[in-house]
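Below you'll find the structures, each written out as structure tokens.
Heads up, the next two complexes both have subunit A, just with different partners, subunit B and then subunit C.
Now for the complex of A and B:
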């Protein structure tokens, strides 16, 4: 990732204005020549994390490939809000086939390009968490195993939003969805074993796996750029809040994406060939309540009295991630508020530390061995 | 070049001559020999350039073919039975998107009970998927139909299924004439896609269509099949000119001119039927056979024309529309609307039961005496069925039908319930 020591003073957001960066490091979105691949006029909800994530991912990929990019798309919100025929928001060649086959369609596109000797044209597949982790999972795993030259991007908003907010295998414990309501003594979604798609992707030992959130868009863009430097199967898992499904305010999308990382609930990291190569450390650790309270899908946990037991279980999951991925800031500087000495010393948001320097070994095997999602 | 060849290998050779650019493959009997041989041909560079994708399911096989075809590559895959059903969602998508994929279906029964032998239940279940369906009578015709299939598919922008009987054709060695590459190149021009994923000219493919236009789009799928109805015989006669033999087309009439009894069927069983027709003709019986080569589009007018002079029509089909009877016969009846003749449906050969000349003679004896019922089951062991039905009638839990029946027919040595 590009790196530049800078100072910034915007309390609260940790976001650095583009004008403080070298032109080369500025966001794709800040450039005149951005492709606007997912252009305005589409029908995403106000504050849609998926629309934001897709815009940055595809534009970054377009820039990385000199606009020679083909996209395949699973059925889902992204497909529906962008292409109610005859309108289309896509300004790149784009195909939607089915809900569960976007990775396999991408495989076919890549194979056709290879047969035609068009190695200059690259392929990206896109889907939501349902299309990726549930119904499309076999096709995704097959594409990984064959190491087809495809970047697959999962925009994870943790449920089937397009069909009316039903639970997916990415829905977190205790979350209320349309079919995991906190009724009949149930706490919302069950505490299952989980399905950690990035770790499963890593187990295929594909060239590149990364996670990102829409709170750190330069980090997201940098990961897309890195992915496009490589050939073979690559996977990018982007955390995208959904105001409609989560019962959060539209203006809290970025805040929630930041908090999910800062609580440790969503580890942001990169891995190459099955090995974690960097983690994005937590800048200012926060308890999970700060994240949960902003979302009506967790409102049942904050009654009178609050359900401290379930909140504690969620905190325990965050703590496990923090331990397993080594997410704490170096030296556990938990009180580094914006403007503090450490901040002014020039830490960059989304800064990545090579793994192993502070936290020791974090290979996939260790993660799997210690993760509650892995084989026990 | 004429040589002794297995049906599957002959088809693989034909596909290779069509210069496919992407082949997706997933194993299922009895189509495996086709994709195995294609794998060899790609590895040896006999098909070049070509990407051979070993996918993780039939659903992925068809999905990869969709992606490849939409990117302008000539795409091919093969399947059978459960595999065809597993790719159903993608089948409808391929035809809906108008992608000229060619697929071999090595016809096989559908479970449960699981069964690997031949009947037409698999492809018949997809008769309304929007794919063109051609049924081969011989290995030579299967080979020839694949060459025609790419031409038909690409001219009307529709996918084509070439159906050939599993094992009966796929695993049978026969003499076949495999054409020269230059002959096929002259017959089959390079693929020029109707729409294409191309960064130089970006298009959106597969957008959502609401009630304001969906109906018309669906009608166009039908209209395209009607275009194919004109094209299929054209391509067949072009093929006959180029390669010097009759293959494909909509129908095959066999001694139907003055026939009082006409037997309608599809696929390899037509060979046996035609033999029996010859015998009975020698005995002076006015009998003929009508082979349906194109089941989709279904040539209503041509079928009507071929059958309207007959006194009776026997539709012999290797599939069962459970709860009503025949699949092919329903289509034949539609062709005969308003014409007064006796029509019989005969379900035969399910799950690989042999259809013998003796059985056909018995059947046609009964047919010409008009002793058939509207719906008949050829060579079904009615005593076994009745015994099992009576067990069900007794009301108690009598275990699995399969076990009971196998016991009754003596395959399983055990005390009956």
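Now for the complex of A and C:
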């Protein structure tokens, strides 16, 4: 994509549109003719991050494919709030079958198109974190392993929200859900469980894996566009805050998505053929408290006195991501880059990473030790 | 109708489901008052003209046109204004304030370079207005009154226009070609000017010229003389006369050692002028501390850079044949300077008194209704004196004495004179709520420290009257303009349109009429409000 050189944006590169940019350079969401693939009238809660994320992704994919796009959808909030029979909010061909088989249905649609010789029509599959990481995981892994020509998008709001906020394998440690010890002194999810879907996808060495949040639209759209340039199995993991399930204010949805990246808790990166090719660096580093405090699911950590031990453990997870992915702002990297002199000279106390400095490690091995939902 | 197997209902769109009914609060676009505009004594729409300038190229002329709606002197302003706008700028809390003044100067200089002309304006009203004094306030009033359709004549006592801009501000701060160019442009829209025409009795002058109203802006140009015991040989002069004589053929002779008495901007101007005239020592003697000096910080800094010395907490006791006796002061509990009895002697070839100025109000002698208090004329909030139809502004009324305040008075008075002449009192539009820093979402602005203006090298500053502060060039003026955060005002960034999970923000795409909330579908989540960079949206409760 040719870039317009502009000396200084009035509002940086961070707003949705910018009147100083050539129309061609503006984001998909800034366009009056955007497809609004998920249109108004859907029944998502006020401030729903998933509804926003889905429109961002599908609109960008629609533009990248000249509107020649078919979507399959797993069961979950996204399906329930968008298609109560007989209404639909989807403005593209869209199919829903079961909770666990959206990647397999997408595989089937792609195969059918191939059989008909329609390689101009592209396929995306989508689901929540439950449908992707838990129930649909076998179908997803199979789709990756066969390298089917599908972009699968996981909208990760870190629990089963549609059925009443139950824990999924994407629920982060210490977050309270309706079935993670709802009473007692330590009501949150345990440490050391769960899985990191983007890194597992990378382990399949598929053409493209990326993470994104609803707070960085330009980054997200660029990733969708890149994914649609490629053929084969591709995976996009989008972080989408859930005001209902997290107990956050509806107006804080984007703020939370911004903070999760700025704290380092959710690394935003992209990888091709199993190797990380770029990371989105932190702009204004913040401690994890700023992110946690806005959510009632972490309220038990902020009593009197606050549970500094658990908060410290969460901070340690963020710090490890920052180290392993090199997330610190530009010019502030050397001390923490994996393999740097400072890193090799000696571990800081309490931060020993058992595989961090091992000889012959792969980047994946290092990253597998990381969040968002990696084993502790 | 035939339906496929197991289908009993027609397919429909969710657009039938008006989710707006869920809402308890709604988003609403607002205009909040940018702090720069709020702080501007001349009432400029700073955010408005920066917005135009951000576009570059053709935007500069649009920006200039927007600017001169309020102030016809951007090139002058961009040099002499103490820019309270920048002190109020929200960007200072982010990195550094926007260099508004330097962009204003750039636009002013562009206008002179390209010969952009002011527009005359409304159709003639048939009314005649007398303006007394061709200083900043008088010229500003003349400009605005002419644009409002009135026929304006300026009576100026002196031989040249500009008032204190010419006779009070040294040319190293305001080159005279810049001053002349901007004054000429105002006169060119049809303002009549009579030089060397001193008004001795304003009522008489109004009668003689059949004027319907008058605006007085005679300034304050008589230097205050404090009683200083002085011997015969002492050379004592006042700063106003010194600065004025700089405009004449013969430059004043001050000698090598000059003492300036006072702590205001005029004192700094006098000391810096003395340096340039060849003084080896220029010493400012002021009775209080630096913090309590009325001079603006920039002026003090520039004076010190040029080698002007400061003696704080000192008063002049006596001047005798090349010697000045100075007494040390100390501040009492209330911050007032008290004598200590400690005396010191300074060598001085001349002493310049810069103790403030007074207005010559003799033209108002015997005019009924006029109230003079503490040497200045009392005016109503509409700038009218106690005498119907006679308005006043600038340094002769109670206010801070700066060029910018004078220009602001001229504009304000012009609007009220217009209302008074047309028998329909001018009502200023109610002020919007202030766009304070907490209303902004500054995440969306990239980091961009301010551009510094070039300065003349110090040797030339000490010996010549060349302009000290340089202007920005096109590329850094554009950069500086684009640092504006557009506080409280929509700058069409499309954030609201992008971030609504319900597509309930409609992008209209017309200038000025940018977006609309679709109340059929707005669920009232407030994301657009939280993510608006400039604080131009608010949530209001729904009424039942």
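One rule holds for everything that comes next: the second predicted complex is superposed on the first by the 312 of 376 C-alpha atoms of A that agree within 3 Å, B and C clash if a C-alpha of one lies under 4 Å from a C-alpha of the other, contacts with A are read in each partner's own complex, and residues count from 1 in each chain.
The rule is short, and it goes like this: a contact is a pair of C-beta atoms (placed from the backbone, for glycine too) under 8 Å apart; a residue touches a chain by one contact, two chains touch by 3 or more.
Nothing here was measured: the structure is a model prediction, and the numbers come from that model.
By the touch criterion defined above, A:255 reaches subunit C but does not reach subunit B.
By the document's definition of touching, of the two partners only subunit C reaches A:27; subunit B does not. Of the two partner chains placed by the overlay, neither subunit B nor subunit C lies in contact with A:242.
Looking at the shared chain after the overlay, A:60 reaches neither subunit B nor subunit C. Legend: residue contacts after superposition of the two complexes on their common chain; A:48 is shown touching subunit C, with no touch to subunit B.
In the superposition on chain A, A:116 makes contact with subunit B only, not with subunit C. Of the two partner chains placed by superposition, A:165 touches none, neither subunit B nor subunit C. By the touch criterion defined above, A:85 lies against subunit B and subunit C together after alignment on the C-alpha atoms of chain A.
In the superposed model, A:206 makes contact with neither subunit B nor subunit C. On subunit A, the patch touched by subunit B and the patch touched by subunit C overlap at residues 85-86, 88.
Here subunit B touches subunit A in the complex through residues 21-22, 24, 49-51, 53-57, 59-60, 63-73, 75, 89-90, 93, 97, 196-199, 201-210, 213, going by the rule given at the top.
Contacts from subunit C toward subunit A in the complex involve residues 7, 9-19, 22, 54-55, 443-446, 448, 475, 478-479, 482-484, 486, 491-495, 497-504, 507, 509, 518, 520-521, 523-527, 529-531, 533. Within the complex formed with subunit B, the residues of subunit A that make contact are 67-70, 72-73, 79-80, 83-86, 88, 90-98, 100-101, 104-117, 121, 138-139, 141-142, 145-146. Taken together, the subunit A residues at the contact with subunit C in this complex read 7-20, 26-27, 29-30, 32, 36, 39-44, 46-49, 51-52, 55, 82, 85-89, 217, 243, 249-255, 258, 284.
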